[in-house]
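Worksheet: the structure to be examined is printed underneath.
Chain IDs A, B, C, D, E and F follow the sequence of writing; residue 1 opens each chain.
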Amino acid sequence: MRRGFYIGRFQPYHMGHHLVLEQISREVDEIIVGIGTAQISHTVTDPFTAGERIAMIYGALRELGRWFYIIPLPDINRNAVWVSHVKSMTPPFEVVYSNNPLVVELFTEAGMEVRRPPMYRREVYSGTVIRRLMIEGGDWRHLVPDAVAKVIEEIKGVERLRNISKKDFA
Amino acid sequence: MRRGFYIGRFQPYHMGHHLVLEQISREVDEIIVGIGTAQISHTVTDPFTAGERIAMIYGALRELGRWFYIIPLPDINRNAVWVSHVKSMTPPFEVVYSNNPLVVELFTEAGMEVRRPPMYRREVYSGTVIRRLMIEGGDWRHLVPDAVAKVIEEIKGVERLRNISKKDFA
Amino acid sequence: MRRGFYIGRFQPYHMGHHLVLEQISREVDEIIVGIGTAQISHTVTDPFTAGERIAMIYGALRELGRWFYIIPLPDINRNAVWVSHVKSMTPPFEVVYSNNPLVVELFTEAGMEVRRPPMYRREVYSGTVIRRLMIEGGDWRHLVPDAVAKVIEEIKGVERLRNISKKDFA
Amino acid sequence: MRRGFYIGRFQPYHMGHHLVLEQISREVDEIIVGIGTAQISHTVTDPFTAGERIAMIYGALRELGRWFYIIPLPDINRNAVWVSHVKSMTPPFEVVYSNNPLVVELFTEAGMEVRRPPMYRREVYSGTVIRRLMIEGGDWRHLVPDAVAKVIEEIKGVERLRNISKKDFA
Amino acid sequence: MRRGFYIGRFQPYHMGHHLVLEQISREVDEIIVGIGTAQISHTVTDPFTAGERIAMIYGALRELGRWFYIIPLPDINRNAVWVSHVKSMTPPFEVVYSNNPLVVELFTEAGMEVRRPPMYRREVYSGTVIRRLMIEGGDWRHLVPDAVAKVIEEIKGVERLRNISKKDFA
Amino acid sequence: MRRGFYIGRFQPYHMGHHLVLEQISREVDEIIVGIGTAQISHTVTDPFTAGERIAMIYGALRELGRWFYIIPLPDINRNAVWVSHVKSMTPPFEVVYSNNPLVVELFTEAGMEVRRPPMYRREVYSGTVIRRLMIEGGDWRHLVPDAVAKVIEEIKGVERLRNISKKDFA
């Protein structure tokens, strides 16, 4: 059996992530999805808690009928031990999928196989773009799986993001 | 939909945990399994990493055909914020299952519903008993699900536990 | 009895804070003043220690003849548990006074009553303005209560701020 | 002006602490009361939060008509920097009152004056004794100031302590 | 070139450590001495700061005329990342010398060569024994290198250890 | 005997540092070199681990034939206790050499003697300049001691720095 590891912050989980996971799922038997910066929430760049992101991703992946491990990974803020940190929090895996230069470098220095997944419509399948649309009242729902939009509505995520993006003492 | 939360250290996951989860699975729609003290491993009382424990629990639960969230929870060492910590790392849940007095107290003070699950054969379905059997060469395999025994063998868990339980400078 | 909670960094405590506290003191029986980012000092934006800020605020409030709790609150850097953190460090309170969007959001999500206090002469009653005046040799004393100016002189606060605001290797 | 520093865990604040503070208040102009191990609560030896302990101490001291600084001090777990930690969280003080050997040693190594306060009826004015009486249903109220007993009742402190002192899985 | 790694708490550095390092120095070109639990001091089991221990070890090793790296290693309290932590704080090494079961296990799991150094007169060349002699007024000087005894005297180490080993409120 | 303390991040150690240490070595008997921000590596401004920096500095200083203590100092992120932190990790010293305004202020407030070392060719003997040359393929080797260039080559430091300085998803 062959397991692949894929990491993101998923603020929020969007169609870009989803298409990559569909692609990866054809190459490996099981996928471990690491939720990076798990301890941060309620900021303009990281509005959602780890638990909310887990709910988004489970919802989106459930219909794929595949086996996924979805694991929150708090930052450890010491790059030199980060690979050990990830390995201690996950079942064993053989291949890493990432386009993040630091992730690629750290796993490569650790002697692991790293693959670059394809990227889809980066100009809109982007957390930054989606969060800006949320703040400005644009249409973001078609950029995320339906299950994700549902979670964001239940937790009043757009309202939260708009509130915390206000200027101080406005 | 109704979600239940169940927490343990799972060092290792054993038939006592398994029978409780089967029981809980009849009362709620989805179960969130929190892996406590996730950051600790390679000690006599906590030999296995969070990742190894995730592998054990997924293996055991997969055959039940139910939907489980399995979430590692590092200790935060401040009881007064622990409930918020757990909630931020998990999807929303309505009921807590626990017999641990501190867990019961903290969730009760936070106004949550807490239920006491039944306990099964505590004299052998016990992490303490199983770890001692591992160290002393006794038979522990029948006390855990088969999938768990398989993970422990793959990671050479008994050998690790025996090594670290040796006296210093022995 | 009704207690109100008011939080700031107080770098330094100035007349804007003071006028707000006078206003709040008419609405509640007791006031809890939380000193945010208590662990940071000796930086250009946060020059004073928590202890120095406590001395400033006690000095300024003592003459009001009211009962105040003045409590340093170190950052916890996890917004999702911050309200629990604050509550565990303070006596119980019923109403929060804040114009900070994040503070407002976090207490509102926690189901607490949040009020927006009036703001006074924001163009000068401002920590940023006062620290800049200190660095540039302007007149800042009339912008803070006399007791605060006295503390800052005793600790040689202006000299400290000027020193640490120098360019590296100047 | 002369300030004295007195530190304790105050689990709970009792008549022994109170009599010492009355004594110290005759020797100095102002007293800084440090609440040690401020981050811990809901354990058998440290049941009360820092905020609850602040409420106890303010209540007890308010009737003395003296000026007190009551400051929670989280553990820093590095003895070599602990004196700096305390000094950074408190207004300046000249004399330390303590009978704790480590506190005495650390402040003495730092060149500060340390005095040993008298101790009163240690066999009953003792946090350990009072917590045991609470658990076993004995009479503890006469061992603490009335204001402290009132706070403990409001927060249901005895019930909490009994619950968390139960055996696991009892 | 071949480097060896040797770790201890060195509370204090004694002849047992010294004889082992002399032995190791014949097997490798350079020795890295890791000072474990570097952040702890002023306790009965760990009385000396990392800086004081560095002074002891440098003093003792200087006369050997060999090249040593002496590196304080704060605890990271996560065994699963400890080897990475050590490697990030040290120059590269090829062989580990240790009789500590946990150190042996962690480096062995990481695929490193681990050797068991000989042990000398464990009944007296022992930190526990030496600290007890210091507290009880026995003769400990002949159990440590002269340079170590000199450092301990300069820092008044015996006096410190005796003070902090007193009972509370004695 | 007189010891001097000199601190830097040494990303990497360059001829500017080296010339200063040669200068200081004429004024004191022993030099303690503190490696600041020791816990950070694999970033664009801090590419090298503490262990790699130790290797660089030992290599460069060995040929000077002087006695140096080279001590990694993790950030403590609380300026008010930083001097105590440094002192606890180092043998005693009498004089500090620094041009960094914060270091100067903190040691001055602590009552220590601080000297400003001369600076040499700041326009090229600069970590920022050298790291930029590494990324852009310029000639950086003549700006560092030969032993440092050798370490950087062995660890493939330039390749690492180039990789992590790439844009995300490039």
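Of note:
Keep this in mind: a residue touches a chain if its C-beta (ideal position, glycine included) is under 8 Å from a C-beta of that chain, and two chains touch if they have at least 3 such contacts.
Everything numeric in this text was worked out from a predicted model, so none of it was measured.
Where touching is counted per the definition, the chains common to chain C and chain D are B, F.
Among the remaining chains, those touching chain B as well as chain E are A, D. Think of each touching pair as a link: the shortest run of links from chain B to chain F has 2 of them.
Counted by residue number, the contact pairs of C-D are over half the same as those of E-F, the matching pair from D-E, B-E or E-F. Across B-C and A-B, it is A-B that has more C-beta pairs touching.
Because chain E and chain F share one sequence, their contact can be compared position by position; here over half of the interface residue numbers appear on both sides. For this pair, chain A with chain C, the centres built from the Cα atoms lie 37 Å apart.
We define each chain's centre as the mean of its Cα atoms; on that basis chain C and chain E are separated by 46 Å.
Within chain E, the positions touching two or more other chains are listed as 41, 49, 78, 80, 87-88. Contacting chain pairs (ordered by label): A-B, A-C, A-E, A-F, B-C, B-D, B-E, C-D, C-F, D-E, D-F, E-F. Residues 76, 78, 80-81, 83-85, 87-88 of chain F touch chain D in their complex.
Looking at the complex, you find that chain E touches chain D at residues 39-43, 49, 160, 163-170.
Chain C makes touch with chain D in their complex at residues 38, 41, 49-52, 54-55, 58, 62, 67, 69-72, 74, 87-92. Taken together, the chain F residues at the contact with chain C in this complex read 77-80, 99-102, 104-106, 108-109, 119, 122.
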